[in-house]
Amino acid sequence: MITVLFFAKYRELLGTAKISLSGADIDLTKCTVAALKASLAERGALWCDVLAAENTLCAVNQDLAGDDTPISVGDEVAFYPPVTGG
Amino acid sequence: MITVLFFAKYRELLGTAKISLSGADIDLTKCTVAALKASLAERGALWCDVLAAENTLCAVNQDLAGDDTPISVGDEVAFYPPVTGG
Amino acid sequence: MSVIVRVGEADFDVGAECRALASHSRQSGAIVQFVGLMRDSNQGDDVLTMELEHYPGMTERCITEIVNRAQQRWPLFAVTVIHRVGVLQPQDQIVFVGVSAAHRQDAFQSCEFIMDYLKTEAPFWKKECTLNGEQRWVDARQTDQQARKRWQD
Amino acid sequence: MSVIVRVGEADFDVGAECRALASHSRQSGAIVQFVGLMRDSNQGDDVLTMELEHYPGMTERCITEIVNRAQQRWPLFAVTVIHRVGVLQPQDQIVFVGVSAAHRQDAFQSCEFIMDYLKTEAPFWKKECTLNGEQRWVDARQTDQQARKRWQD
């Protein structure tokens, strides 16, 4: 199982804040951020837009992550747009 | 009459905060900061040291002044060491 | 070195935060404080309210990491970062960054460094509700990216 | 643009000054405040008290002129400068510079600009009384001259 979180505009666009994926959804033995993005993008055009956007940020276990970052069972992954706090 | 003020270390060194000079002390028809310094320096070694020090600052009527700044009757002139506020 | 990071709905008291920052060392000679306020208009539209969303847990981690980097670059006695979330009104306080150091250059630079990284890395998002009823997510500003990049040269 | 310049023996309330700075415009998004504190040692000696002398009249003129120059360089809503004189104890507040602007870069830069000029132009002088009874005038620092010169390039 991994947990995938969406924040702000992406949460609204996709209509979900949190999904859980199991080994039945995606191969968790050799998963990366890129593989997770590719898998989620298959859910439809909106998902594809959000995950393919050049400025989409990703965190794995609350640390900023890149496409190559590995994802393991139990990880928390988040996708979000550029931040606007402060 | 002109008023000459001394501050901080210079006030202590010279033992005076304020002196008044009249036309009898110095020619006030064509006076400058340089002329005033030269006149005051004649009062002794301490005065000479204070007025000749490279970092001595001068204000005429509460504006920073240079050696060429003219001084007229009624002016307030101040000599002081580098500032250390803030 | 004292580090305080607070993220939540509660407002903050700038005077009390300043006293706390000063209290950590008798060698503290310089405190620099930044307070970010909600403006009542943005991009030409009147803004009625703003809602701040964040990524609980990661925000605190991220800000603490930014403060750690600042500590490594400048000798600091204390740092306090407070960021509000939830619904805010115009002129409400949003963010506080306060730094205490022996000398002012260190305090100014580290405070600005922390703000520049917070603006570009900490996972907060603003949504505005304008006078005409529109709700919109605030766009990230290119100038904030440029401000952060200065510190990497 | 609101400008407040106060020189005197009275202490100041950082929280109240921050609220006052924020109140001048609903477009104020950034407040930067500098607070200078008295340190309890200097050049390796414990300092018991400090006496601040100034040139009454010229200090206010000089600070106002510095603030005017800052206003010409950056778009500011309000500036407050407070400087204490008389006898101070370690950890006492000495100086406050607070600036309100729409954007943080303008607030940070103008606050630091005002402090750098105040340190090198405003006619204040500090005299320290050390633990061993010595009374000495504090020397001007070369680093303060360098800090000011940055703004002239």
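Quick notes on this structure:
Note that the chains take the letters A, B, C and D in the order they are written out, and that residue 1 is the start of every chain.
Here is the rule we use: contacts are C-beta pairs under 8 Å (C-beta built on N, C-alpha and C of every residue); 3 or more make two chains touch, one makes a residue touch a chain.
Everything quoted here is computed from the prediction, not taken from an experiment.
Touch-path distance (fewest steps) from chain B to chain D is 1. Chain centres here are Cα means. That of chain B falls 49 Å from that of chain C. Chain D has its Cα centroid 23 Å from the Cα centroid of chain C. Here the CA centre of chain A is 73 Å from the CA centre of chain B.
As a whole-number value, the distance joining the C-alpha centres of chain A and chain C reads 27 Å. Among the residues of chain B, none is found touching two or more other chains. For chain C, the set of residues that touch two or more other chains comprises 36, 115. Here, these are the chain pairs in contact: A-C, B-D, C-D. If you check the complex, the residues on chain C that touch chain A are 36, 52-55, 57-58, 61-62, 83, 94-95, 115, 118-127, 137-141.
Every residue of chain A that touches chain C in the complex is listed here, in rising order: 5, 7-9, 55, 57, 59, 62-64, 78, 80-86.
Of all residues in chain C, those touching chain D in their complex are 13-16, 18-19, 22, 26-41, 90-91, 102, 104-105, 107-108, 111-112, 115, 143, 147.
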